[in-house]
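In what follows, a single structure is set out as structure tokens and then discussed.
Letters A, B, C and D name the chains as they come in the text, with residue numbers starting at 1 for each one.
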Amino acid sequence: MLDKNGIAKRIAKEIKDGYYVNLGIGIPTLVANYIPEGVNVVLQSENGLLGMGPFPFEGEEDPDLINAGKQTITTLPGSSIFDSAMSFGMIRSQKIDLTILGAMEVSENGDIANWKIPGKMVKGMGGAMDLVASARNIIVAMQHVNKAGESKLLPACTLPLTGVRCIRKIVTELAVFDVLQEGGFKLIERAPGVSVDYIRKATSGKLYADDDAPEMVLD
Amino acid sequence: MLDKNGIAKRIAKEIKDGYYVNLGIGIPTLVANYIPEGVNVVLQSENGLLGMGPFPFEGEEDPDLINAGKQTITTLPGSSIFDSAMSFGMIRSQKIDLTILGAMEVSENGDIANWKIPGKMVKGMGGAMDLVASARNIIVAMQHVNKAGESKLLPACTLPLTGVRCIRKIVTELAVFDVLQEGGFKLIERAPGVSVDYIRKATSGKLYADDDAPEMVLD
Amino acid sequence: MINKVVSGADEAIKDITDGSTLMLGGFGLCGIPENCITALVKKGVGQLTCISNNAGVDDFGIGLMLQQRQVKKMISSYVGENAEFERQLLSGELEVELIPQGTLATRCMAAGYGMPAIYTPAGVGTEVAEGKEVRNFNGKDYLMEYAFDADFAIVKAWKGDTAGNLVYRFTSRNFNPVMAMAGKVTIAEVEELVEAGELDPDQVHTPGVYVHRIFQGSGYEKRIEQRTVRTKS
Amino acid sequence: MINKVVSGADEAIKDITDGSTLMLGGFGLCGIPENCITALVKKGVGQLTCISNNAGVDDFGIGLMLQQRQVKKMISSYVGENAEFERQLLSGELEVELIPQGTLATRCMAAGYGMPAIYTPAGVGTEVAEGKEVRNFNGKDYLMEYAFDADFAIVKAWKGDTAGNLVYRFTSRNFNPVMAMAGKVTIAEVEELVEAGELDPDQVHTPGVYVHRIFQGSGYEKRIEQRTVRTKS
């Protein structure tokens, strides 16, 4: 089974040289730590920055330089700044090669719910609806089950949707799945030490899993 | 009767302090020479400049700095440069207070034709259609009659239209007219030495003219 | 050039009245018009509709206006981290319209660019699409979203000149340029006000034509919401 | 950062084939991609559809491609001052679609911003409106115009860096930034190519994400169409 860093590490393997990538808050943010040497990637922050650098050294924080999670960050050589309209313009026109974000639920047809729980204070969708509606290539990073132990990979989402038929790949602490065009979660890799049976029990949406699905190799 | 400079001089009186103004090619360009001292005006050139300055001194021409007529120009303190989309964005959102352009024909309901003569090589409308469709306040500067001696102030345009119901004021070598909302040319001022009768004969569209219409005062 | 300078925040906001619709620049607490917010709180104008990506925190940014119950409605993409906001929302004192961040930005841009409506795929198939026109282009569904119609846009820039030209610094740019284009009246506060001619015309982010009033603000706090650092190894 | 540098114009345009749709930046002869045009003439690729505000003059700019009969169709707002253009048009060798300049710019922007269509009042009630959808918003009629779909955008900037970031100089900016955003493949030639990190991130006009190939051009002629001067008094 993977921890959060393991999930991030596995997702980092999906990133190819030359990608522009948008990382959501939470586990996706950790992905930046595992991008292999020699793979040149530019991180977009949708508040208006291409080429997001690491956190600043203590004492060098600049209140005018934050990411979409409102964290202090830095620029890199080759960074550029732009306004919010251009930022979502480049998202809509699919200039961003890969979007990685968290989710509360994903359905077997690729719908995602990650912004609203009825009855709870709703904070808003931020940029998530724009990202999922526009991106060509979206990977969800999430825990496989919720706090009540219920699967988050479902036949259909129960929570209000963020976007429809948009998720292509899911990485959880248990496994990696492709979301099939025709519907269903296709098991691609198991996390180390996790059995196909265990994954079957934890997945309530339609699952296509070979008994000899390979175990993932990290590092 | 006014010459071209006279027409420009008369139009300059319509420009108020604090106006952003777009000047078309031809007589409108001359208007810039007659803006009174103390009247602060910013000229927009739709190829992407606010704050168009005078022609450069000989030897100081910069090929990267031209106006919409492709003439070499200069910037002024406070100028700004932008791309073509923003330029027409500010035109469409009516940030430009006054547009002055030439015309082949104007109809009594404010239609304008100034881009195409059937049977002749058509060069294109450039920015004229955008300007007339968007501007709140448009003054036409033109000769009253064409080379064949026919009135250019017509009941309806005969040439392909550039825009509909958009012209508010016309200044010719003979007179100044308002174009009335309900249709018709209202004589506002006669050029020096031009009689109301002369203006009547030269105007084929519906004309509202008082016999004691005042003569314009220049300077 | 046309001089846009006013004496300060109080003069800049003097004709903002109860019931006005305001756009306020900023992302979180980054690039917010601190001086104008303080002046609005002092003036006590109420029943405001505020279009702003976020609603500040309890004791800073738009949160200060919420404390004084000056806001009738917020139009935002994300309103977390604000207890007073939550209280007013649950009690029904405050109305909230949540819209996708890109839609928010593009509806501002549409107003500035004289486009009455735009099409975006954001929100298709979700509750955001309720009551909206859906249109298919090239096999993909889009929502039609209208340009905003705001009485005032209040923005913060790094530098500005007397002609109203603005330059922003790093990600404090965010919504400020698109809102500056979109207000019927646009008010800009800047950290440093310079004479016309001191900014490079090629490097102006917001041309002065969009700005009706400008002043040099003071006492910027520039609070950081999430101070994240690394240590030198 | 991702390195976008190619060796020169020939490599940059190597996959442009007969029948391609190209956007070419520039206004008149100001800010045109001189090196790429020369390379296109040398390569002899034909049956091109060119989206460009103007068509150059007889012996410069796109006029050089017209001389070689490489252009099947021009989509422009103004095509004056070009005798060869007129000859080909009248003989039926060349097709021309004239569209308002703001519509041209905004259809480029729409492509770059992922908006499939935009509304503009330009051309309402004229022959430009023929066959187009008219829609009324707030009492005013607008035409719906589609985003352009171009295989390649070819732009000219003043400076660029290895990451593809571009900075333009004065009014040579014109259509270049909106076309740079709009191409499926965007090729940028620059007068000065610098290392990533040498451009101020706040002062980048076109972020590198939009640019697929960049090279430092040479021998810029920068011809002036209307040399107008005043004399020192």
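The rule we apply is simple: a residue touches a chain if its C-beta (ideal position, glycine included) is under 8 Å from a C-beta of that chain, and two chains touch if they have at least 3 such contacts.
Just so it is clear, the structure is predicted and the values come from calculations on it, not from any experiment.
Enquirer: Enumerate, in label order, the chains that touch chain B and chain D alike.
Expert: Both chain B and chain D are touched by C, going by the contact rule given at the top.
Enquirer: Name the chain whose C-alpha centroid is farthest from the C-alpha centroid of chain A.
Expert: When every chain centre is compared against chain A, the largest gap points to B.
Enquirer: With chain centres taken as the means of their Cα atoms, state the distance from chain A to chain D in Å.
Expert: Each chain reduced to its C-alpha mean, chain A and chain D end up 36 Å apart.
Enquirer: Approximately how many whole Å separate the CA-defined centres of chain A and chain C?
Expert: Taking the average C-alpha coordinate of chain A and of chain C, the gap between them is 29 Å.
Enquirer: Need the CA-centroid distance for the pair chain A / chain B, whole Å please.
Expert: Comparing mean C-alpha positions, chain B is 56 Å from chain A.
Enquirer: Mind pulling the chain A residues that touch 2 or more other chains?
Expert: 49, 75, 81-82, 85, 88-89, 91-92, 134
Enquirer: Which residues does chain D have that touch at least 2 chains other than itself?
Expert: Only 106, 113-115, 120-121, 168-170, 173, 201-202 qualify.
Enquirer: Go ahead and list every pair of chains that touch.
Expert: A-C, A-D, B-C, B-D, C-D
Enquirer: In their shared complex, at which residues does chain D touch chain A?
Expert: 1-3, 111-115, 161-163, 165, 181, 195-199, 201-202, 204, 207-210
Enquirer: In their shared complex, at which residues does chain D touch chain B?
Expert: Residues 27-31, 53, 76-80, 86, 89-90, 98, 100-106, 108-109, 120-128, 158, 168-178, 205, 222-232 of chain D touch chain B in their complex.
Enquirer: Spell out the part of chain B that touches chain C in their complex, as residue ranges.
Expert: 18, 20, 40-42, 44, 49-51, 75-82, 85-86, 88-96, 134
Enquirer: Spell out the part of chain D that touches chain C in their complex, as residue ranges.
Expert: Those residues of chain D that touch chain C are 106, 113-121, 137-138, 140, 142, 146, 167-170, 173, 201-203.
Enquirer: Note which residues of chain A are touching chain C in the complex, please.
Expert: Residues 45-49, 54-73, 75, 81-85, 87-89, 91-92, 111, 121-130, 133-134, 160-165.
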